[in-house]
Amino acid sequence: MSKLMTMSEAVARYVPNGSSVAISLALEPLIPFAAAHEIIRQQRRNLTLIGPISDILFDQLIGAGCVERVTAAWVGNVSEGLGYCYQRATEKAIPRAISIEEHSNFTIGLALLAASLGSPYIPTRSTLGSDIPSHNTALRLERSPLDGTPLLLVPALRPDVTIVHVQRSDEDGNAHLWGNSGICGEAMLAAKDVILEAEEIVDREVILSDPNRVLGPSFKVRAVVHERWGAHPSAVQGYTNRDHPFYHEYHERTRSVEGFQDWLEEWVLHLPSRADYMKKLGEERLQRLRVKEHRYAAAVDYGY
Amino acid sequence: MSKLMTMSEAVARYVPNGSSVAISLALEPLIPFAAAHEIIRQQRRNLTLIGPISDILFDQLIGAGCVERVTAAWVGNVSEGLGYCYQRATEKAIPRAISIEEHSNFTIGLALLAASLGSPYIPTRSTLGSDIPSHNTALRLERSPLDGTPLLLVPALRPDVTIVHVQRSDEDGNAHLWGNSGICGEAMLAAKDVILEAEEIVDREVILSDPNRVLGPSFKVRAVVHERWGAHPSAVQGYTNRDHPFYHEYHERTRSVEGFQDWLEEWVLHLPSRADYMKKLGEERLQRLRVKEHRYAAAVDYGY
Amino acid sequence: MDYTPQELMVVCAARQIQDGEHVFVGMRLPLLAFALAKRTHAPRCLGLFEAGILRDEPAAELLYTMGDAPNITGALWATGTVKMIGLMAAGDVQLGFIGGAEIDRYGNLNTTAIGNWQKPAVRLPGSGGAADIASLSQRLAIIMQHDRRRLREKVDYVTSPGYGYPGEEGPAGAAWRERVGLPGGGPSALITTLAVFGFDRENGEAVLQSFHPGTTVEEVQAKTGWTLRLADDYTETVPPSAEELKVIRECDPQGKWTR
Amino acid sequence: MDYTPQELMVVCAARQIQDGEHVFVGMRLPLLAFALAKRTHAPRCLGLFEAGILRDEPAAELLYTMGDAPNITGALWATGTVKMIGLMAAGDVQLGFIGGAEIDRYGNLNTTAIGNWQKPAVRLPGSGGAADIASLSQRLAIIMQHDRRRLREKVDYVTSPGYGYPGEEGPAGAAWRERVGLPGGGPSALITTLAVFGFDRENGEAVLQSFHPGTTVEEVQAKTGWTLRLADDYTETVPPSAEELKVIRECDPQGKWTR
């Protein structure tokens, strides 16, 4: 059953106002910017964003006023430093106040892992003694029933929807992701619904030729969106390198509210679709980002 | 630094008497029989065996008197049913009494997963209400501090050594395993030491061409043993099919103590090495088990 | 139409599978039931295997074990055991199949030990994934040979929890599962060589739904270790159709599991 | 020999790495330190990245982020974040590097908020993996710019636990870590633009080990928010060697991180 649809349909159906959205889960690469920009264009409100280190996708959604709550380990601009929209929202409630559930990369991963295992929580020692546990209403300090030592219980976290950018998917949502995966796997398993953004739509046979590389069960996938370059400016191993200057420009231009609004209009609001975004980027820039040297994985035989 | 050595050296160094050994972890395929047979020939004693569904490798080690304790979900002969050596040991203390820590496939996996996360335990609801928790001294029944419901706490389990059969490894222990992996990954991460049995020893470049397919960190690997067909009679995806009649013959011949002893002498004790075992199997039988139709995974590009 | 008891059991098992369901498939008869359901009334069902495999088509060859190479080739996903059982623990599996050496009237199953666990008369292999499937699937279907030694008033060891036992804290059934921490789930069918039982979730008891052609309620009672409770509408089991038998025999041409 | 403060910090950081160690590598200066150590005194050290990457050779190109494609190509293992930090939680990481916006005399670090967390004067990005590295690595090395606003008597928010604080229950230091549930670990070095500190695990205090060429203990004190404690054998920092500078400049030819 084909789940192929446009990003506009996917967001309209599976990212309602008020939903919790796990996105930007592979840390710096494979960030589903195409999905985020469509969420902004559809003016979604009161979202909860869930993620580890999140890079500028979170910053953009916050600046655009889509977000009520952030459940994450880090919000900023990885190669540049601060995220100004995040700062304005937390310091001055511009464009609105947001609430923060503090996490570390490990605890947010464990929260999603617990959900994927049907376990109510996973205990860890990480972040004990820090101020993080007291600034996250879900986390719980307890003593181990085994030996009485302090433990942090990280309760299972179930996003309403997880959005992942992958290299290739078939139309049912059987997909291959490779390179750096961060917490994409845990977030897919933990979610109620999954939206995949894919560089390529391929035949079922391509995916099933290598079932170990499949990201997760396609029965969780509700929408498959074909978005070549949908993760720009982040990297997609084997397809696209990271567009570092784009992050720098974003950093410089978003220091003020007006600057951000200007950037948002130019790169999101005035571009009805990803195709328009690509046109604006221009072939020369795309060419610079394309893979220069292919490095293929050694052959693997599933025969019998 | 090359970790290549013979199975005889690997077992002599890393499987001392009294150690806990996680082995036969991929369920029915990739069972390291070459390692098990060497353990038997070196007359190791008082081992603790750790595994999920274990097939006849556990049965053989128990029958040969190597085992003091079994921490596992299932001991038998998967395609035939019962494991007679296991029955004789548990029912009649032949050749010796063994103690059993009961598990399910999930709880043994969670125990190793907890160790791999540095977590003291993982809670689950599986097996609640069964008699398993009361027949495993490690498992613990508690109430959830979150909502008061009953939970089973599965404490972290750290094998002294994990033994895994893989398709290919370099001499440092960077290895690719594909097909069915069971709990091999968790067991590798949980162990103090790891021994790899590999169908092929390949150049480092082959493994590093596909880092997503690597089983785990080679710094945990102490020994890499080149054993083509080392998993016979179990299957190795892309190399060898399962030798079903071998399990049937084992089943028939091991109904009595004498029958087992006879089988053991013929297939283990009188064969100083795996090469002799292969010779005894004969080229015709090997030919029957070889892959008939290759099915290669679709290409993957790690370029940039 | 001639058929074997195993073929009838496969048909009864396949009838438990609804279209689109995620089914934790065991080996042997349930695996054939999955293939049969897939090719008849449930083309969109999915099969999960605790080895770490998810499939939407049965393997191209008859399997001896779930880890056989043909079961991996063409899988939708080949991963680890913890992730696959984790899906079930998270509530994503509607139906699980297991077998057992002993069962009692409350659907509790024993595959661990006959007699005393410490010093068993007969030691059996243990749980494998059975306790997980019985604990975590939304519905459980059990397939067993029918004789008085196997269908007992009370099993010697509860490997796979069914509906527990009545006690001071309350009745067996869904309430017992809730008490021990297994909300939801529990046996929904027991398919034997002689009959098909459902379960009353109020008190956990097995209820005879149908007896197979060629037997009688009396024979079923004689070979059952508890006093039968009959469904109001109990009847004779509908035999396999020609189409069903054709599919089963294509999947198991040598009759390895069904003859 | 001319060098920048960043180059000196890279050299000081590299000296923290012992041969054969597993190092949780951050970006920027620690990443260069890993490359430098690898090519000088610690050829067998391994680098772990929280994105899910294990390497025994630095990437072939300068990285802007740890997830850049060159950092994955040729990795020993590319997996997920939970597994990689899990290795550290299980005790397999000897040394971790982090930076911070603020640090105090007990090595507690703040990268979350200046002022009140509820209504911060300056909101910072948060932990990322820093709190994990500070909690779980066997030794922690911290790299920071040295000024009085950054080296404070007490940080506003403990993102990454160092040696805590003295209190009614006992002193700061290793005992504090034990009390809160972080047995072992803790800061072993603070490398700034002016100096290198060690830590006294008995009471958790930073101890000045060396001041960099061109500065003085007095200047370091003036730019530090607590009264300095000096090591008995404190000295001037050994400057980079020609060989060390050569390696650093090969790794960062444009001086993106070191100029």
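A few notes on this one:
First chain written, first letter: the chains are A, B, C and D, and each begins at residue 1.
By definition in this document, contacts are C-beta pairs under 8 Å (C-beta built on N, C-alpha and C of every residue); 3 or more make two chains touch, one makes a residue touch a chain.
What you see is a predicted model, and the numbers here were worked out from it, not measured in a lab.
The chains in contact with subunit A and with subunit D alike are B. Of all chains, the one whose Cα centroid sits at the greatest distance from that of subunit A is C. With each centre defined as the average position of its C-alpha atoms, the distance from subunit C to subunit D rounds to 56 Å. Chain geometry summary: the mean Cα position of subunit A and that of subunit C are 40 Å apart. Here the spacing of subunit B and subunit C, counted between their Cα centres, is 28 Å.
Multi-chain contact residues of subunit C (touching two or more other chains): 53, 68-69, 72-73, 78-79, 82, 86, 89, 136.
Multi-chain contact residues of subunit B, defined as those touching 2 or more other chains: 110, 117-119, 124-125, 149, 151, 178-179, 181, 212, 235, 237-238, 241, 295, 302-304.
Contact annotation for chain pairs lists A-B, A-C, A-D, B-C, B-D, with touch applied as defined.
Residue ranges of subunit A in contact with subunit B, taken from their complex: 110, 117-125, 140, 142, 144-147, 149, 151, 153, 155, 176, 178-179, 181, 202, 206-207, 209-210, 212-213, 235, 237-239, 241, 291-304. Against subunit C, in their complex, subunit B makes its touches with residues 26-29, 52-53, 72-76, 78-79, 81-83, 86-87, 90-91, 102-107, 109-110, 113, 124-132, 135, 149-152, 178-186, 235, 237-238, 241-242, 244, 295.
Across the complex, subunit B meets subunit D through its residues 1, 115-119, 174, 189-190, 208, 211-212, 214, 216-220, 302-304.
Considering their complex, residues 27, 50-53, 64-69, 71-73, 78-82, 85-86, 89, 112-113, 117, 119-132, 134-136, 157-161, 164, 176-177, 180-183 of subunit C touch subunit B. Listing the residues of subunit D that touch subunit B in their complex gives 22, 44, 46, 53-54, 68-70, 72-79, 82-83, 86-92, 136.
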